[in-house]
Amino acid sequence: MYIRKSKLQYHAKPEKSNPIIARRLQEILGGQWGETTGMLAYTLQGWNTVGNEKYKDLLLDTGTEEMGHMEMLATMINDLLRDAPTDTIEELARNSDPATAAILGGMDPQHAFVNGLGAGLSDSNGNPWSANFIISSGNLLADMRFNVVRESQARLQVSRNFLQTEDKGVRDMLSYLMARETQHQLQFLKACEELEEKYGPVVPHGTQDLQKQGKEFTHTLYNFSEGEASQALEGETARDGNKFHYSSDPIMAGGEPDLTAAPEILRNTPPEDPSTAVEEGRRMLEGEQNTSK
Amino acid sequence: MYIRKSKLQYHAKPEKSNPIIARRLQEILGGQWGETTGMLAYTLQGWNTVGNEKYKDLLLDTGTEEMGHMEMLATMINDLLRDAPTDTIEELARNSDPATAAILGGMDPQHAFVNGLGAGLSDSNGNPWSANFIISSGNLLADMRFNVVRESQARLQVSRNFLQTEDKGVRDMLSYLMARETQHQLQFLKACEELEEKYGPVVPHGTQDLQKQGKEFTHTLYNFSEGEASQALEGETARDGNKFHYSSDPIMAGGEPDLTAAPEILRNTPPEDPSTAVEEGRRMLEGEQNTSK
Amino acid sequence: MYIRKSKLQYHAKPEKSNPIIARRLQEILGGQWGETTGMLAYTLQGWNTVGNEKYKDLLLDTGTEEMGHMEMLATMINDLLRDAPTDTIEELARNSDPATAAILGGMDPQHAFVNGLGAGLSDSNGNPWSANFIISSGNLLADMRFNVVRESQARLQVSRNFLQTEDKGVRDMLSYLMARETQHQLQFLKACEELEEKYGPVVPHGTQDLQKQGKEFTHTLYNFSEGEASQALEGETARDGNKFHYSSDPIMAGGEPDLTAAPEILRNTPPEDPSTAVEEGRRMLEGEQNTSK
Amino acid sequence: MYIRKSKLQYHAKPEKSNPIIARRLQEILGGQWGETTGMLAYTLQGWNTVGNEKYKDLLLDTGTEEMGHMEMLATMINDLLRDAPTDTIEELARNSDPATAAILGGMDPQHAFVNGLGAGLSDSNGNPWSANFIISSGNLLADMRFNVVRESQARLQVSRNFLQTEDKGVRDMLSYLMARETQHQLQFLKACEELEEKYGPVVPHGTQDLQKQGKEFTHTLYNFSEGEASQALEGETARDGNKFHYSSDPIMAGGEPDLTAAPEILRNTPPEDPSTAVEEGRRMLEGEQNTSK
Amino acid sequence: MYIRKSKLQYHAKPEKSNPIIARRLQEILGGQWGETTGMLAYTLQGWNTVGNEKYKDLLLDTGTEEMGHMEMLATMINDLLRDAPTDTIEELARNSDPATAAILGGMDPQHAFVNGLGAGLSDSNGNPWSANFIISSGNLLADMRFNVVRESQARLQVSRNFLQTEDKGVRDMLSYLMARETQHQLQFLKACEELEEKYGPVVPHGTQDLQKQGKEFTHTLYNFSEGEASQALEGETARDGNKFHYSSDPIMAGGEPDLTAAPEILRNTPPEDPSTAVEEGRRMLEGEQNTSK
Amino acid sequence: MYIRKSKLQYHAKPEKSNPIIARRLQEILGGQWGETTGMLAYTLQGWNTVGNEKYKDLLLDTGTEEMGHMEMLATMINDLLRDAPTDTIEELARNSDPATAAILGGMDPQHAFVNGLGAGLSDSNGNPWSANFIISSGNLLADMRFNVVRESQARLQVSRNFLQTEDKGVRDMLSYLMARETQHQLQFLKACEELEEKYGPVVPHGTQDLQKQGKEFTHTLYNFSEGEASQALEGETARDGNKFHYSSDPIMAGGEPDLTAAPEILRNTPPEDPSTAVEEGRRMLEGEQNTSK
């Protein structure tokens, strides 16, 4: 069960409006790696976690915090949109200056016409947030690794936004988000370390016997592209203690595909004379037993 | 530029047809974490990589290999579908037995009616593959971490499929895929190690000065959910050498959101008397200068 | 800012596992009208609301409650999946009985192979949740009406699920959800009443002067389909106090569309002789000034 | 069966071309709440309606009218695009002025490069129209409420577009659309009134006995967010004649979630010692009967 | 403007209910190549066509007819769903027989729980119809070719459904749809013939001078895959009267990609020493002029 | 199995950076008809082809070539983005000129903030590539026709881009792509000719007996739209040698839809007195046998 507190976790007030920054921040609110992704991924993983209370709690702590980050971003996007131009397009053209032209071109039209100058739940190109962006697999190491990626990509996007604005209010909030994403990267990396120590570095654990044995399969980089720069891996030590090999000429062990045709009833292009297919269809229409299919 | 070799990288021949397994394998071919995701993510990252030839080559080697894995899966799905029931639905009902009933319910109808008993590019629920599933950020550490996740989630799904079939042909191919995903997890983990050593564990590098300083921001887990199990993190050492802190009672530093209203022209619900909005609209219709907006 | 409480708002424990019910409940968790839609729609509307504290608070109360309902559903879906068959497909076929066949066909394969028998964030056909499902327009009456729909469609789906299971635990939770959806329908209907009273029944307020005047436009049902049953509306009183009219033969006031051709440079099919287009292209290649475009 | 008439329902001719307005109007043609949504939602509902001829006819009348509105918008978008700049990007840069810059930034590139300066079936950000936007539930009250929302959100968007252009032709058509959306809101509100009178205000009818009894469940607003502004609802009369209650401190009636682990074969992170999982996998490989799962 | 006639274009009454057939027919109503695709593609193309009245009219005739086909399918899907099992899942399990098991597994759960046993606007796997499926390019030859594909894929799917049911009512309607798709394939093929005769076989016309001259580029099949079976094309006559060539060994004319690094401000992985990036960030924070970027 | 060659198939180097062109080229890389669509459609069709080695090889040759074209486009997009403005938005506003304003508005913000000035796998509006764009049906004629469309729409878009830039490097590459798309259109047209000769012009073959006989169904254009311009088809010869007919007044052969109501348990709006529904629900709750459903 959840409770909302009235105060924000941190300040979210820009110095002034700027609809282009508002559009950019949509990526961080509703994009592939935005706060919505963090909130719903960690929370769903937390709800699905069985036992492992330490990690379950960590996931729920962080998922809930991201809900607060979503709120900060939505709040700031509102402020950034407040002075967006709402004159007629013709008036804007008559008085046009480059700055207005940039805003007209660069702001998200849905901010004005769909959301009434409020935040949407989409990215900087207006793509709606999608559960395609998240995973909850039941395997904590696989999912903690995903969470490290979410925090890495998000912090990268936040830093790019930070460096491309001078607004002290926007920078202050982004600076705070970066700090939190430092913590979140480090905590999820820590969870990965612990889980790797317990279950080994290869997900999923307990399945090494299920796979093709021999290091030519499990520890060899095949050179499928012409360059040999990746050969640098040769002899390096893998996380599981074994050495990597490099094979400059991958073997084709499988032979050529050798498919048999689908039944004629599907009207695929047949490998042979198609006339029988017509017969078959006619028989069916006439209610005959169709035995040859 | 790419060249196709006629032979498969490995065997891909089931012992017998089974349309339910075919549907399950679609997840591994065209699902969120399937081979298509690996192929297009690694390849696009490789094309976008500047300098760093060792990693560029590694990405292109592996992306190209995944193209071959897609081919193996598509080939096997064809074979698994060959004896799918194509009798009339009424005939199947008349002769129905539980095994046929399971197939009727459990196979993907698009395999028969859209793809002519061939492979599609969708997951086990028929969702089309989407570029929502991939990322190429320009930051190699962020992307290599994503690649580790791709291999982890994929190997997890492959092992689940392995353990839920007895078909020796399917198992043989899945066993091979698992071996390759062992290599790929280990190689991308290795790249992460090297990149972390060079740039530090927090993505992106060179931005530590941009964030809110003080370990209360960057190394503190806030307890946003009631349980205290996550407190176990307290005092543990983070990947960057610092200690984690734990704060059981997160501070609300931001005050309450305090928004001003959007211009009346947007017809949002106003905080005040709406009568002026009508006035404004009428003036515009009459061509008067609208100065109060 | 948000806080998670450890206890659920209500019981969420089925009598026994049933993966088909688990799949059905995904619709209520992650479908078009599910709890995720309620949570994110109301919450985003609440964050975007300016002034109107009574409604802002109502939206945030209810959005936060739905977060708790998501948790209840995710928890129950876990339990419903616990005894899902994980034998090999061949073993299941050997021992097959109709009940197992139904489960094999009717359960969501992603529950097993993607989510590890945990909840996903998708609907009963595996479509990922999408922000296409929500709206925050800035106009409270428009959005409160949406919220009434969300609660109506959700309660309809919940009741259908209630009536098609006998599991006392599932029924108990669904019964609770229905009760809450009664409250939520009634509260959002109340908000609509109040907002209609203040701003009039037609969204948006303050724009009646902007529209084509005359009741032949604003209060007339045009009979675009052959039947005349809809004529029953004639003479009925509309919410704004005026009478409805009925026009059995809609006027075509607009004339035929009369388009001019797009510039030839676009290589649309031209209305005239295409030879000039070739000329134009050749001139451009030769660096001539292209004046005729 | 449907017939197309050659003339438009109303004028659709702008004074002059303006590709930015063309992009904005895409929202009204192919966006979440656009005419396509109205056309397909009402029509599908109409086709699915059984008995209730008055409403079936109303739905089909209005759905068919929206098809004509789609045509008007597509026609106007063509005209608005006719003078879109098709010079080379370099030529535009050489002669650039702010107005051209705004158009370059603000027009939809797909209008030129995909649609040949014709209309697309997407919104103002280029998102394709999706059946995610519509519903046909079989319950007329639930669906009529949806239809009221469609008309409300659409009229809101149309008014925003009206107020942000001076083009008399565009305004004339938008003014007509607003008038029709006044009628459609009022007619669907009327249908809601009648259906509520017959079946009660809570969807679906006939299910009050299925829900948790007691007004603490069905008529109580729980205060899940800190503010108390929503307490204003206390004592107000709900649409069903009962009074609302307000509970400032929601009860957690459900206890903590208490999940059991999924079978080890799924390779979820186990709550206990994982060694048995390896055993299990090995046994399966060796063809042993797997009884412990 | 459009008018609906009350009668269907053709009979649409199954002999008896069958929810599995209902699900299959969703592919033909709302799938990638279904009637919705035909209706909206041809209609949008028709609206966008300038001049060329013969083709504009043909497109609008056929698009309008498809609207009637959608209606026939939606009507039949309703009938096919009428006796879908609505007992409790437990009751169905108790009395289960293979036929019921097949239905439980094979029917679309959204038909029951979302649509109230009415038609949806999605395909046989529940994917919502998407405007991703259609095109209107402004070039009639390109679009008429698309229309031929739509009719070809649709008739293929209809025939597969025809052959896999014995229901005389379903067969009668599908037989009619196949006949109409014969006409539509032939009419669009005819339009292609005429447009090819006028503009040449290569879309778009009037651009042959814009492309790399020399038959080694325009009439040569490069052998990018190992097999030589495609060499059969060598010497065959292309639609434009020229002969095809075959090149067994494709030339790599382009050299290796040679990218320069993106600006450091983006925090991509740099090719050189990253220390300067930190400097740059610090300078920006301190308000210094950032000149080196 | 696939191998990557280090060199590009053709030059891909622009004269100078231009982020607006980069955005436009995304349509050709990752849009509905872009190279990704070609690569994955032809390749999947090739993998699924049984027998018919000539066409299987042709598909795999061309699919593999498109992989190389994707690489050329991704490479060029990188170069076109290299000088994209990365100053702060405020700095850009201070120094703003129309050219910069156009870039700010016209470039894809995800290029900078998500992809680090590298290529994405999306179209010119940022929509992610989707497998909705491709088909592999098992019927070669249906699919070869699709492939002709892919090449036609792609070449149309390439020519539009060619004509709207002066950059010699961009033009050189686009000119090469156009030449290859000439070859690919012609080769797929050739395949269509051969397949039509063998199987007849109507897809699928062998099903003429399954359809409603009589030329009033199979060779008649029905005039569903008021204009008579399409009557020009009357008497023309169809590809199968028969003459077309024209019917100016389409017959409604099907009668009015006549649906029966869904079971009351679904809580659809009933055609009759709803009181029984309440009864039914109460009985179920009380555990009575529900016989009337």
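Worth pointing out:
Residue numbering begins at 1 within each chain, and the chains themselves are lettered A, B, C, D, E and F in the order written.
In this section, contacts are C-beta pairs under 8 Å (C-beta built on N, C-alpha and C of every residue); 3 or more make two chains touch, one makes a residue touch a chain.
Please read these numbers as outputs of a predicted model, since none were measured by experiment.
Any chain that touches chain B and also touches chain F is listed here: A, C, D, E. Shared contact partners of chain E and chain F comprise A, B, C, D.
Under half of the residue numbers at the chain A-chain D interface are used by both copies of the sequence. Centre to centre, using the average C-alpha position, chain A and chain B are separated by 6 Å. Note: centroid distance chain C to chain F, computed from Cα atoms, is 26 Å.
Chain C has residues 1-9, 32, 47, 50, 60-61, 64, 68, 71, 75, 78, 86-88, 97-98, 101-102, 104-106, 112, 114, 116-118, 122, 125-128, 130, 132, 135, 137-139, 141, 156, 159-160, 163-164, 204, 207-208, 210, 224-225, 227, 250, 252, 254, 257, 259-260, 262, 265-268, 281 in contact with two or more other chains. Contact topology of the protein chains: fully connected, every pair of chains touching.
Note for the complex: chain F touches chain A at residues 1-6, 47, 49-52, 86-93, 96-98, 100-102, 104-106, 108-110, 112-114, 116, 122, 125-128, 137-141, 195, 198-199, 204-210. By the touch rule above, chain A contacts chain C in their complex via residues 1-5, 7-9, 30, 40, 44, 47-48, 50, 60-61, 64, 67-68, 71, 74-75, 78, 114-122, 128-132, 134-139.
Residues of chain D touching chain A in their complex: 18, 20-21, 23-24, 27, 31-32, 97-99, 101-106, 123-127, 156-157, 160-161, 163-167, 224-227, 250, 252, 254, 257, 259-262, 264, 266-272, 274-275, 277-278, 280-282, 285. Here chain D touches chain B in the complex through residues 156, 159-160, 163-164, 265-267, 281, 284, going by the rule given at the top. Contact residues of chain B toward chain A in the complex are 5-12, 32-33, 46, 53-54, 56-58, 60-62, 64-65, 68, 71-72, 75, 78-79, 81-82, 86-88, 112, 116-118, 130, 132-133, 135, 137, 139, 141-142, 145-146, 148-149, 151-153, 155-156, 159, 162-163, 175-176, 178-180, 182-183, 185-187, 189-190, 193, 201-204, 207-208, 210-214, 217-225, 227-230, 232-233, 236, 238-240, 244, 250-257, 259-260, 262-263, 265-268, 293.
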